[in-house]
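Going in written order, the chains are labelled A, B, C and D, and every chain counts its residues from 1.
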Amino acid sequence: MKIGVVVSEGPYTHQAADTAYHFVKAALDGGHEVPRVFFYHDGVNVSTRLSVPPQDERHIQNNWTNLAKEHDIDLVVCIAAAQRRGLLDENEANRQGKDANNIADGFRISGLGQLIEMGIQTDRLVTFGD
Amino acid sequence: MSDVKKFLYVNRKAPYGTIYALESLEVVLIGAAFEQDVSLAFLDDGVFQLTKGQNTDGIGIKNFSPTFRALGDFEVTKLYVEKDSLEERGLSPDDLQEIMYEDEDDDWEEKPSIRLVSRAEMADVMADQDVVLSF
Amino acid sequence: MSTLHTVNKSPFATQTLMSCLNHCKDGDAVLMIEDGVYGALANSGMADFVRAKSASLAIYVMSPDTAARGLAEDKLLGEVSGVDYAGFVDLVAKHDRTQSWL
Amino acid sequence: MAYEVNGSTVEHDEEGYITNLADWTKELADVIAETEEIDMNEEHWAVVNFLREYYDEYQIAPAVRVLIKAIKKEMGPEKGNNKYMYELFPYGPAKQACKIAGLPKPTGCV
């Protein structure tokens, strides 16, 4: 079965990104497909490659990056939500005239249309938020 | 058309205190381009999103309540509002904005987009969807 | 046709669990996750309400979340079944749609 | 980056959208149009005015089909179509006309 996932809260403040991660891993282990995870609201903050959590804590962004690589998951960060919160890829940073970008490997910035498309193309959609 | 799905956007949060209401509306507006069967649900504190007379000048946040009145232009015409939620908050339907759409199938007659439903009817609306997005 | 509802809020902080249970249809399932697991406490003020709803609904709780919060099994309602993440996935697959009560 | 209008300057971003929407004036619209290589005539103004009125009322830019419907109503069916819009605004009504009308930059979500 194809399962789409939405993460709509930021890392560390809420458990949402953690629960979503464990859910996606279990879904893949169970033989399901997770073609895409869509990050919205403060969920876009998961994608920053600049977070440096203490060594004895999980690294949420790394976990997602690794999982996406291993299983070819499309991690999409909503452009509108990302721009508000200061998350830019190289392309967007140039377009907006900013001097830095901060999107981690494995994530890509795109539009809300990707969320709707995921809803259309998957059999189930599960949202993790607050 | 088998590739049209029923999408429900569930709004349970009040505007301005958090961004959920605004970013929900942004999804609805973008989603309109995909020509799916779209409904919006307003229950619990979500009913506060639709009240008239919102004026955000003093808090410096954009007042997006007028945008609900444009939804008809985007062919989003089903706004289910839960009566019980209104009553629990001391509101009546008169406290809400008038939101109209032009019905293409009925000689473009103007019709109200807001459909007042009971809690049980709201449960029926929710149970009749393919995709439920919560905000 | 049935729905899996997830609730991630403590019922002592918000009305989310109450609202969710009041919008469920017979045969639906409710899964308490994250802080939502406090809704499964057996001796709380919410217990009678949840127990009554369990007559027409299947109610589940995320065991990793109850364990994390130190909620021993004997503190939880007998009407509520524990699942792990794989069980969560099975519930999603089994029901026609998932509605997250945020 | 800024436009110059009657001796004063109006700030804009990399792509030419004005920074403060309140800075918009008709004179400014002519200046923006010039940098877009558009010579504003009555028909351009009809679109720009419609966009501004719509934004004023609803706080968003209209969907393109809404814009086209409105122009059709005002100027007839031979003008109320996509082709005509692109003749007026070769780089797309959503981008160019909104920029000239002083509306926020579309976030390009789809």
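The criterion applied here is as follows: a contact is a pair of C-beta atoms (placed from the backbone, for glycine too) under 8 Å apart; a residue touches a chain by one contact, two chains touch by 3 or more.
Keep in mind that what you see is a predicted model, and the values were worked out from it rather than measured.
S.K.: From the centre of chain A, which chain's CA centre is farthest?
M.R.: Using the mean of the C-alpha atoms as each chain's centre, the farthest one from chain A is D.
S.K.: Have a look at B-C versus B-D and report the one with more C-beta pairs in contact.
M.R.: More contacting C-beta pairs are found at B-C.
S.K.: Indicate the whole-number Å distance between the mean C-alpha point of chain B and the mean C-alpha point of chain C.
M.R.: Measuring from centre to centre gives 27 Å for this pair.
S.K.: As a quick test, compute the distance in whole Å between the mean CA positions of chain C and chain D.
M.R.: 51
S.K.: Report the inter-centroid distance (CA atoms only) between chain A and chain C in whole Å.
M.R.: 26
S.K.: For chain B, jot down the residues that touch at least 2 other chains.
M.R.: Counting only residues that touch two or more other chains, chain B contributes 20, 26, 30, 33, 130-132, 134.
S.K.: What parts of chain A, by residue number, touch at least two of the other chains?
M.R.: Residues 80, 111-113, 125, 127, 129 of chain A each touch two or more of the other chains.
S.K.: Which residues of chain D are in contact with two or more other chains?
M.R.: Touching at least two other chains: 109-110.
S.K.: Can the chain contact pattern be summarised as a line, a ring, a star, a complete graph, or none of these (other)?
M.R.: Drawn as a graph, the chains match no named shape, so other.
S.K.: Judged by the touch rule stated earlier, which pairs of chains are there in contact?
M.R.: The set of touching chain pairs is A-B, A-C, A-D, B-C, B-D.
S.K.: If you look only at chain B, which of its residues touch chain C in the complex?
M.R.: Within the complex, chain B touches chain C at residues 10, 12, 20, 43-44, 119, 122-124, 126-127, 129-132, 134-135.
S.K.: Tell me, which parts of chain C touch chain B in their complex?
M.R.: Chain C reaches chain B through residues 1, 3, 15-16, 19, 22-25, 28, 97-102.
S.K.: Which part of chain B faces chain D closely enough to touch in the complex?
M.R.: Counting only chain B, the residues touching chain D are 26, 29-30, 32-33, 62-64, 66-67, 69-70, 73-74.
S.K.: List the residues on chain C that touch chain A in their complex, please.
M.R.: So the residues of chain C in touch with chain A come to 6, 8-9, 33-35, 64, 84-86, 88-90, 92-93, 97-98, 100, 102.
S.K.: Can you name the residues of chain B that touch chain A in the complex?
M.R.: 3, 5, 7, 19-20, 23, 26-27, 30-31, 33-34, 36, 130-134
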